[in-house]
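Take a look at the structures listed below.
In what comes next, subunit A is part of two complexes: it sits with subunit B in the first one and with subunit C in the second one.
Moving on, here comes the complex of A and B:
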């Protein structure tokens, strides 16, 4: 119960924040030049006044701005994301359709980068100053500095075009109709390149942060005490240093987790991954208001949920945080 | 492996003299870019939709690369002496993909009811039509109010697709659930659309032309990044890159690969012509001497050779050379900076900045805008590039908020269908980027455009359009830049991919793969 009370308070605040974000998004979207009717007319190769008027009416754009805003907020409160007139489908369906692909990609990248980042960071800090430490930190710096877009294209060129080891595009082999394990394996093969490209950057960040934090904590008095007690090096690192050094890494992981939904636009684009980042980007270009607002809202909700989760993880890692609150 | 290839090549060469037998079966993967918003061709007519839906839907006629009509759903047709009555005889045994019979009633519903409400471009042509009737199941008669020269050119699938009456009659077209699973009469049936990945079409086993289509299935693949599309073709993921799906500098590299062919054909009906809208209403661009100076200042050959890697043709005026009634008997505008400077001096141009709005369609167009700015600054015109995204471009052009703006438009085979709409005063209407956006007003020419549209004799029309082209080119209402060429790139074992002037958009019923 003691844990739940602050969480409930946060949730109430979170809902208000979400509503504020929704309203702000609405203003932002409408501030951009053009609207969905103009875009559709522009694509049609011909347009007259009748066509534009028909489209505006169908999209509800003929209503005064405050009426549009009011009905949008009212729908959101009822968890109704609206209808994408451009794609002829309810926004919620469009989002749910794309969400699994994105989550598979971003979660895989997240788990890989966090695990490898912490392990390598701990390893580097244990060998500080040695050649293997320099190698690891240099590699991390390289991954950190490489633009994602370029790394993605290079990965396709090397592993897909030149070596032919891995498929460079898509989510699964189109038209192969695999089922069961064969399908899982097929998806995994398609996942390797995009997930590693996306994961490398964050792995580098986690590694550098873990290393620095480990080194900092290892200078503290309680570590000297542990050493004086006669504990072995690995035990001190795992139980005393890492436990204290991990907090900033958790903070950063919480931030990355918040981007699980919307943060992979570039990777999805280069690898033709049918995810939600592309849905957002394409809807933005087409001024498909309802769809963009829906994706924005889901992304915002994810950020808030992961902020709360991060707070909970803090308490698990360091029980003192819960006691103070 | 190399050796084996060489041998195969020799054998193939030895047999090349013989006509190849068409082989049935196989699968074709074609890039579609960007992902279409929908596939119901009666409601959505953008490029990607036409590419995919052209396999599902059909029109009454198809058009050769010389723009001559040839049979489609109509097997024969006739035009009365006075040019007022068009009679079409439909093919027998044509069925919709759900098994219902296709009849003349469907034609009447499509043209007179459905498309009249939804299709802005066709609506303009239907203004000339008095009645559309079906005397029997296989005959349709279009009765015109007055003769309309280009009327025989409006029966192409993108202009007048046939819509199933039994599905749409009495429904709200835009929200009809069947829009998600389109039903046409075409050579391929809709099977599945994995949003963000691919659209799958399968062979229509009951297609009314015996032996067609040859292919078993077609996948339209959505690959959002241009560089990735080029790589997808290299790795064999896709077999066909429709025109415009990769950047120009990749075209030369890809067509240089072994076993890769390309063709510029299949765009004759559209004849995409690129130009800059010049705002005729205000600023320096309202002065005809300034507009002429722009024409002389630009090195259009350079752009064609460098920015477009040699693809395309420098236009002479508003009508593209592939379009009917083209004439090159007009004032030429060679690259002549001195003449441009003289014209600017004469008008007393004082160095005011003009805003240039590029078309946000990728790298090529960005570079093109930079090349034009360079050319114009060489003769002393101050240009400021005003970049925006697609929606912003649509908004700015259709609200006339620009000085010079890049665009390109299709001509649809006839000046009265795809050219006059950009130059006559009655088409000055805010809200659309497809009409007289530049605000050019010339009442004498307006009358000539109108007269030429209603002539029925081809020679007479040619003479009228010769005169129009000669006069309008001197006024430079817009700055004509390039007749665009969008090569289709494909593997050489795919045959008969492009067989008409409408190209891939016309349904690839004749395409077959040599095994």
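Moving on, here comes the complex of A and C:
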């Protein structure tokens, strides 16, 4: 149970962070040019005087500043993110409706990129200086410089328009009404392109990190000892080097979670994937600030959950961490 | 040091590419005096089919090559200025936290950690959307999401340097704390900051292009991301409209990353390539 205590500490810190983001959101609404009530109403509701008056009263916009701040944050604490006049529904409902799709997409991309990144990084470090290492390193360098959304568009062009292998947009085939396993397979087919293009950049990051970390650990004394004991190369790499080299990669993966969640906005936009990123994109054109800020807060919460998860993985991989922290 | 940099083949290629992009950006008005918005030919002109329009035209008959060359300006400008602004926030904060320690360190690091937890692209979107998209707001938003790693790096470097003997010597000589920080400590942290800055310009260019792809670009400035975003819906019939700007971004960002790695190897030869990931 000793594992749980630091997690509780992190949860408390996470809640404080979310509160701070709520405060930040409040200041952003006031930083926007124009009347905050009009900002909250979004473009769609701007014409309706009565609604603006209602909003002003509901958010206490005629009250002193600190009272406004208090009531705004209190609403967020109660999970009331306001109402999207554009979509005609509470923001929370819109987000909850779209959240599963984003979770599937980001988790799949995270797992794919971390697994492939570590495998390729280990492979490159085992062949350091050879042609296959240079090839892998160059590919990583290329993926690292490729804009996410462009990789996604090019993947649609090649695999869905030219070759016709995979569907290029959406979450499932519209109107097919698959059930059971057929539906799962249909979703998986739709998931392959978005998840792999979202994961491409991160795979490159993890691969470079794994390779560098493997090479660094392989210089250490205990590796020389293992070699002197007469252990074979692959055994040393797997049991001795990889176990130590993987820690900084996991740390980095946790830090990168935020970028992954942010990148989902781009991927979901290209593939018309019905997640919260796509919701954010749709709200941008409509200047639907309530929804934009709601998605922002929820994606920050997602990042925190990702961080706590990687922290747990970290403790499982290396039991020494718990004692030190 | 320069010789070490020049012996790195990748870094030299990076510099050559970057010089080419800078050259094109500077001469954009001479090469394409009509500007990137002028409709010069029929729409959807396929590349390599008509002299004078090697990269074809877009949905409104605008020259894709002109767009690319003018777009280079926005990418380089935003990349460079936002990095400078991010350094202006991150360096003092990290330096004060690392040098003075105590509650200043505690406060500065909590603040930095908070900004690192926020998904940075999502924050950039929110900032630009709320402040209205202009070159200034885009640059500012990118700077606001990019400074935390700078602060952490500078803090760590300052903490490593401040216990060196020459700093003790300066203290004995009676120099004030602020003077020691600015004249003795900070100059010795410059090389890792330079390496990080070159990589930050690359990231900033990617961020800017991603924002304009989503329609959050400055409506008065042609940019690579905008070109791809505008062509997204016609990708099935006009591949070249998204293809060429993407290649431009990729090549520029790649060049900057190569330069960053070359600088890292040249300035910190004793370090492994840990920091490049």
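Here is the rule we use: the second predicted complex is superposed on the first by the 273 of 325 C-alpha atoms of A that agree within 3 Å, B and C clash if a C-alpha of one lies under 4 Å from a C-alpha of the other, contacts with A are read in each partner's own complex, and residues count from 1 in each chain.
By our rule, a residue touches a chain if its C-beta (ideal position, glycine included) is under 8 Å from a C-beta of that chain, and two chains touch if they have at least 3 such contacts.
Here the structure is a predicted model, which is why all the values come from computation and not from measurement.
Asks: Classify the contacts of A:186 with the two partner chains as first (subunit B alone), second (subunit C alone), both, or neither.
Replies: A:186: touches no partner chain.
Asks: Could you look at A:255 and tell me whether it touches subunit B, subunit C, both or neither (first, second, both, neither)?
Replies: A:255: touches subunit C, not subunit B.
Asks: Identify the partner contact of A:154: answer first if only subunit B is touched, second if only subunit C is, both if each is, neither if none is.
Replies: In the superposed model, A:154 contacts subunit C only, not subunit B.
Asks: Is A:52 in contact with subunit B, with subunit C, with both, or with neither (first, second, both, neither)?
Replies: A:52 sits against subunit B, while subunit C stays out of touch.
Asks: Is A:80 touching the first partner subunit B, the second partner subunit C, both, or neither of them?
Replies: A:80 sits against neither subunit B nor subunit C.
Asks: What is the contact status of A:133 with respect to subunit B (first) and subunit C (second): first, second, both, or neither?
Replies: It touches nothing on subunit B or subunit C.
Asks: Kindly classify A:285 by the partners it touches after superposition: subunit B alone (first), subunit C alone (second), both, or neither?
Replies: Both partners, subunit B and subunit C.
Asks: Just subunit B (first), just subunit C (second), both, or neither: which does A:311 touch?
Replies: Neither subunit B nor subunit C is touched by A:311.
Asks: Identify the overlap between the subunit B-contacting and the subunit C-contacting residues of subunit A.
Replies: Common to the two interfaces on subunit A: residues 32-33, 39, 153, 156-157, 161, 269-270, 285, 287.
Asks: Please give the residue numbers of subunit A that touch subunit B in the complex, ascending.
Replies: 32-35, 38-52, 58, 85-89, 94, 97-98, 101, 153, 156-157, 160-161, 164, 167-171, 174-175, 268-275, 278-279, 282, 285-287
Asks: Spell out the residues on subunit B that touch subunit A in their complex, using ranges where they run on.
Replies: 27, 29, 34-35, 37-38, 44-47, 120-121, 123-124, 174-175, 179-180, 194-198, 200, 217, 219, 221-225, 227-228, 231-232, 234-235, 237, 388-396, 398, 409-410, 421, 429, 431-435
Asks: Quick one: which bits of subunit A touch subunit C in the complex? Just the residue numbers, please.
Replies: 17, 20-21, 28-29, 31-33, 39, 141-142, 144-150, 153-154, 156-157, 161, 205, 208-209, 212-213, 215-216, 252, 255, 258-259, 261-263, 265-266, 269-270, 280-281, 284-285, 287, 289, 292-293, 295-296, 299-300, 302-304, 307
Asks: Which positions of subunit C touch subunit A when the two form their complex?
Replies: 114, 116-123, 125-127, 129-132, 202, 206, 209-210, 213-216, 225, 228, 232, 235-236, 239, 242-243, 245-246, 249-251, 253-254, 257-258, 272-274, 276-277
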